[in-house]
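In what follows, structures are represented as structure tokens.
Look at the two complexes coming up: chain A is in both, with chain B in one and chain C in the other.
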Partner chain A sequence: MSNVAGAPGSDGTTEPQPAVERRTSETLHFAKRNPKLLIGSGIVLILLLLGLIGPLFVDHGPNVYIGPQSQPPSAEYWLGTTTFGQDIWAQFVYGLRSTFMVGFLGGGIAFVIGTAIGFIAGYKGGIVDEILNMLTNVVLVLPALVVLIVAVAYLDIKGVFVQSLFIGMTSWPWAARAVRSQALSLATRDYVDLARLSGRRTGKIITTEIAPNMSSYLVMSFILLFGGAVLIAAGLDFIGLGPTDGVSLGLMLQNSFTWSALHLGMWWWFIPPGAGITAIVGSMYILNVGLDEIFNPKLREL
Partner chain B sequence: MLELSHVHKVYRVGAFGGSTLRAVRDVNLVVKPGEVVSLIGESGSGKSTIGKMVLGLTKPSQGTITFEGKDVTRLRGFGEKKEYYRHVQGVFQDPFSSFNPIFKADRVFEMIRSSYFPDVSDADWREKVLDVIGTVRLDPANVLNKYPHQLSGGQLQRLLIARALLLDIRLLVADEIISMLDASTRIDVLNLLADLKERGLGILFVTHDLSLGNYVSDRSVILRKGAIAELGPTRRVFENPLHPYSRHLLSCVPQLHRTWAEVDAELAANPPEDVVLPTVSEGDDSAPLVEAEEGHFVGIDQR
Partner chain C sequence: MWRYMGRKLGIYAITFVIAVTINWMIPRFMPGDPVRSMLNKASVSDPEAMERMTNYYNEVFGLETPIHQQYFAFWAGLFRGDLGISSMQYPEPVTDIILRAVPFTLGLLLPAIILSWIVGNHFGAFAARNKILDNTVLPVGYILTATPYMWLALLLAWSVGVVGGFLPTSSGYSLALIPAFSWEFIASLITHWFLPFLSMFIVALGGWAIGMRNMIIYELEADYSNYLQALGAPRRLIRRYAFRNAMLPQITGLAVQLGTVIAGALLTEIVFNYPGLGSLILRALNNNDYFVLQGTFLFVIIGVLIANFIIDIIYVLVDPRTRVQMTGGSS
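Then we have the complex of A and B:
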């Protein structure tokens, strides 16, 4: 950095721009030149828009038997139809919508639980830390998928919300551990002690002193949790434990598999959902690597 | 005003917390209003831990710390702590890490305002801030509305003292506040401390620098391995060190006109008179003091 703290002149008027402005514009500068971030966020945004807007232009439900059976893609049915005459394009856009929903809800719940536990454990330390750490480790060693299978199989309610809730409740531990280790090191900084001396409450110290210093870390945890939630949901759907009242990309895969689309050569049935899941999660991870490169100057190639 | 009585701090160390480390051992200490007390010791002697305990940032394992009759270690709840910090404030060693790097430096003033003076109007508050900035001899135009990395260590350190002065403080814990400063700003901060003392503030001055302790304090406490080695009026401690460790420490101060060999030769020629140091039996964690002359105490000798 050109302005060394304490150097003569650095405290004068030679510094026209405040640092945060400069820092954000610097981040933006590198963000605009990072192909990984641009490609990743581009694909995610396109798919998100497709899931949000696409269903508005479909005038029938995704599971309605509307047309000819087993049709390959055509001008009328863009992605063809299933063995039963369902429109695969309609299923795809509705499925994208519910996949994003699972990602946001499941990833969001896991993020909230994980960061809350991580921050409290890391900041409080001592016995609180030990108890929360034990809880985290217990949930961490639970075979999450097996628990999910059992829970989802025995509960009657099967919807996207319940599914995301279960995913969120089982996938938070690693986020909690990661946040805890960061909070642990930030909590020993002098400015945290100074905030305590200024009569600040614990919650306020965590949200205004510690969290802003690891914002990029938090963003990346959320992205990884999002991708993880999408994958777990797809896995549950594929083994037949998905929402029964709707449609999702994982359910489409399961249906195509059950009705032997692969053997019958109906590639238009299983490729769109498979490619959709891969594209969402893959571009999320690319986006994550891009963000990492932007926030961490050591990884910058420029 | 501030009284530490039989204060111990024991840390659990090792992989599973199996062994213990006694960072502070049986410390008894009094700070009166308008008095500067120096805690002098090498790294790891427990001086900063004492400062942290007085500020309520860590709890002592044993013993009591009372401030104006109230036991600091038993402050319950957020409200009582907040009231305590209205009168007792600290300034830390590293000014650069005392500021959150992503916010402007004068946010430390705003934190005080939102916690303690939510009803003061903007104009009154601004006047108050300008007043304390003047007290620490800073130019408001140079320091307000700046980020921490744009300010020098001395400016930041004085901003922290100004921050403490916004409150109605009676005790200031100054933890190595001079060590990070260069020589020219050092003297400013030291004179500032002398001004504060004139106002009747008690100051607990934590330092590893003997000459600073000598310059600023009324009474000095020399710590070794967590226990008090010697305690007394600064002049007496420095002119007539009684504890072998203090003698050793004082002979280690480099002198401008003499070489080490000359110092050693002089010390060997006139060996100082010995005092009988208190002793404790094996396994006893207390550290008794013996009054060698009026107000001048010596403690146990730890190997």
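Then we have the complex of A and C:
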């Protein structure tokens, strides 16, 4: 309770430390024994490393015509080549990089907007809540991908950043709703009232009193937003509204489809990018269930 | 209840106004000249037709009149059902082109949504608190929800269609046939419909199964379940009560997931070259036909709003508590 006053006393700092340590070690204890978390984060980390390090070992650009055309996977070209003689392995590792980037940026922007609106609506209540809630409901009803198609179609320059920005601006509503309902129940707790009585500003109360108490919840919403952003970006890329120059897993799918890899039987062209997206998003979701079990004692299987 | 419905209708009306406003704003405030880029791609060789089109689009965008007049003219056109004239199929009104595509999309969407919802819910309810099943249904469900719609469509088209050769993988019906009400044509429609449907059905299934599984676990923890169990009620009975309670959030989930499923339908259609709204959007994008694009946008929005309203009505019919509120309670 000493931290409510905001003045850390000399004996106040020594008291809570062992407790915090015990809590983290307890979380670690359960984390190490949760197969869902271990498998999910393992796959995500491997793919992330592949996307970060892989391009360093590829000595040509992903879109360079280097090799023989339409080759199935071989020792030299691990995932084969396209009809134009591009190395699919190179495209895959570069594509992973931009897919992770869209996930972090798009999911991050959506997370910031969603949590900001959710916290303010849930904490302030009243007329602010009414207005923000209505805004959330309106954006929630609009189908994100269709809005994005119309908006992005008019853009001349399409890059990963612009794409992420637009995705972030359309996919935040459910996160705002979820955060709002959590914040609503936390806003009436005694310690929040106490903080309010002590004259702290709203922003400070939200970041120091309310947010830390739902941190696990926030982490999990970020992961879901990340997965959603990756899937929406892949859809946009597939329609042909992806980055104009560059590679992404969605663009690989689009290219393979436009140049009829399907009918030429070039399965090595369209299977890896889709498998990559599914692996990233799927293991993120499974990791999320693992986290849920760790943070929520009710769900633990002992 | 009327209060509740009125509130909902109000939100939908606001959403519609905002959607129309976005639709009106985007071509006018985005950088670039929509008229020129549309005509550049329209590939009209006849200079006389080109001039007619230029005049027409300049007039439709009404770039000379004040901004608020442009806005009201846009609404007026909307109420007359006038969404402009397509540039890729020049003299044809956008409304006609879209109305031709809508039945295909609906024919794909409605069965896929409804069947995947029903089957997924039963799967999920069955799997909950059943160790072996749960350990398979849960990961499979998450992998399915993580699958991009177009990728599964590509996989199915390739494995069943191209390699297996069992079913056609392109277009909505055999192009050798003339649309008619004959057995041959209907059979052709069904064989062309099956793969896109299956692909959407499978992807959508996972989410419902997971949602239901989580809700059932939650409901089985509730007091009424524990009480029933203490009374010695059979397992099946408790599960049936839990299922009925768990249904309610799943109905709301239907409304939330609608946007994702529609996006999935559009992408699936593109893969199978199915003549619905998805393929229409792709064609409009490739030809820079913004009128078709925006018309499709409005149609999808209207469809989503109607679907949301239907789901609201179903919710009231299914959940007796909302009916109690509408007769007894004031709020």
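Couple of notes before you dig in:
Simple rule for what comes next: the second predicted complex is superposed on the first by the 285 of 302 C-alpha atoms of A that agree within 3 Å, B and C clash if a C-alpha of one lies under 4 Å from a C-alpha of the other, contacts with A are read in each partner's own complex, and residues count from 1 in each chain.
Note that contacts are C-beta pairs under 8 Å (C-beta built on N, C-alpha and C of every residue); 3 or more make two chains touch, one makes a residue touch a chain.
In this text, all values refer to a predicted model and were calculated from it rather than measured experimentally.
Looking at the shared chain after the overlay, A:V281 reaches chain C, while chain B stays out of its contact range. Of the two partners chain B and chain C, more residues of chain A are touched by C. Of the two partner chains, chain B is the only one that A:E209 touches; chain C does not reach it. Contacts of A:Y191 after superposition on the shared chain: chain B is touched, whereas chain C is not. In the overlay built on the shared chain, the residue A:R201 is in contact with chain B alone; chain C does not reach it. Within the superposed three-chain model, A:P143 lies in touch with chain C and out of touch with chain B [touch as defined at top]. Of the residues of chain A, not a single one touches chain B in one of the two structures and chain C in the other. Looking at the complex, you find that chain C touches chain A at residues 11-12, 14-15, 18-19, 22-23, 26-27, 30-32, 34, 138-139, 142-143, 145-152, 154-155, 157-158, 162-163, 169, 217, 221, 256, 258-260, 262-263, 266-267, 270-271, 281-282, 285-286, 290, 293-294, 296-297, 300-301, 304-305, 308. Within the complex, the chain A residues that touch chain C are 134, 137-138, 140-147, 149-151, 153-156, 174, 227, 231-232, 234-235, 238-241, 250, 253, 256-257, 262-263, 265, 267, 270-271, 273-275, 277-278, 280-282, 284-286, 289, 298-299. By the touch criterion given at the top, residues 55, 57, 78, 81-82, 85-86, 89-90, 92-94, 96-104, 108, 111-112, 115-116, 142-143, 146-155, 160 of chain B touch chain A in their complex. Those residues of chain A that touch chain B in the complex are listed here as 1, 3, 5-6, 10-12, 15, 18-20, 189-191, 193-201, 209, 212-213.
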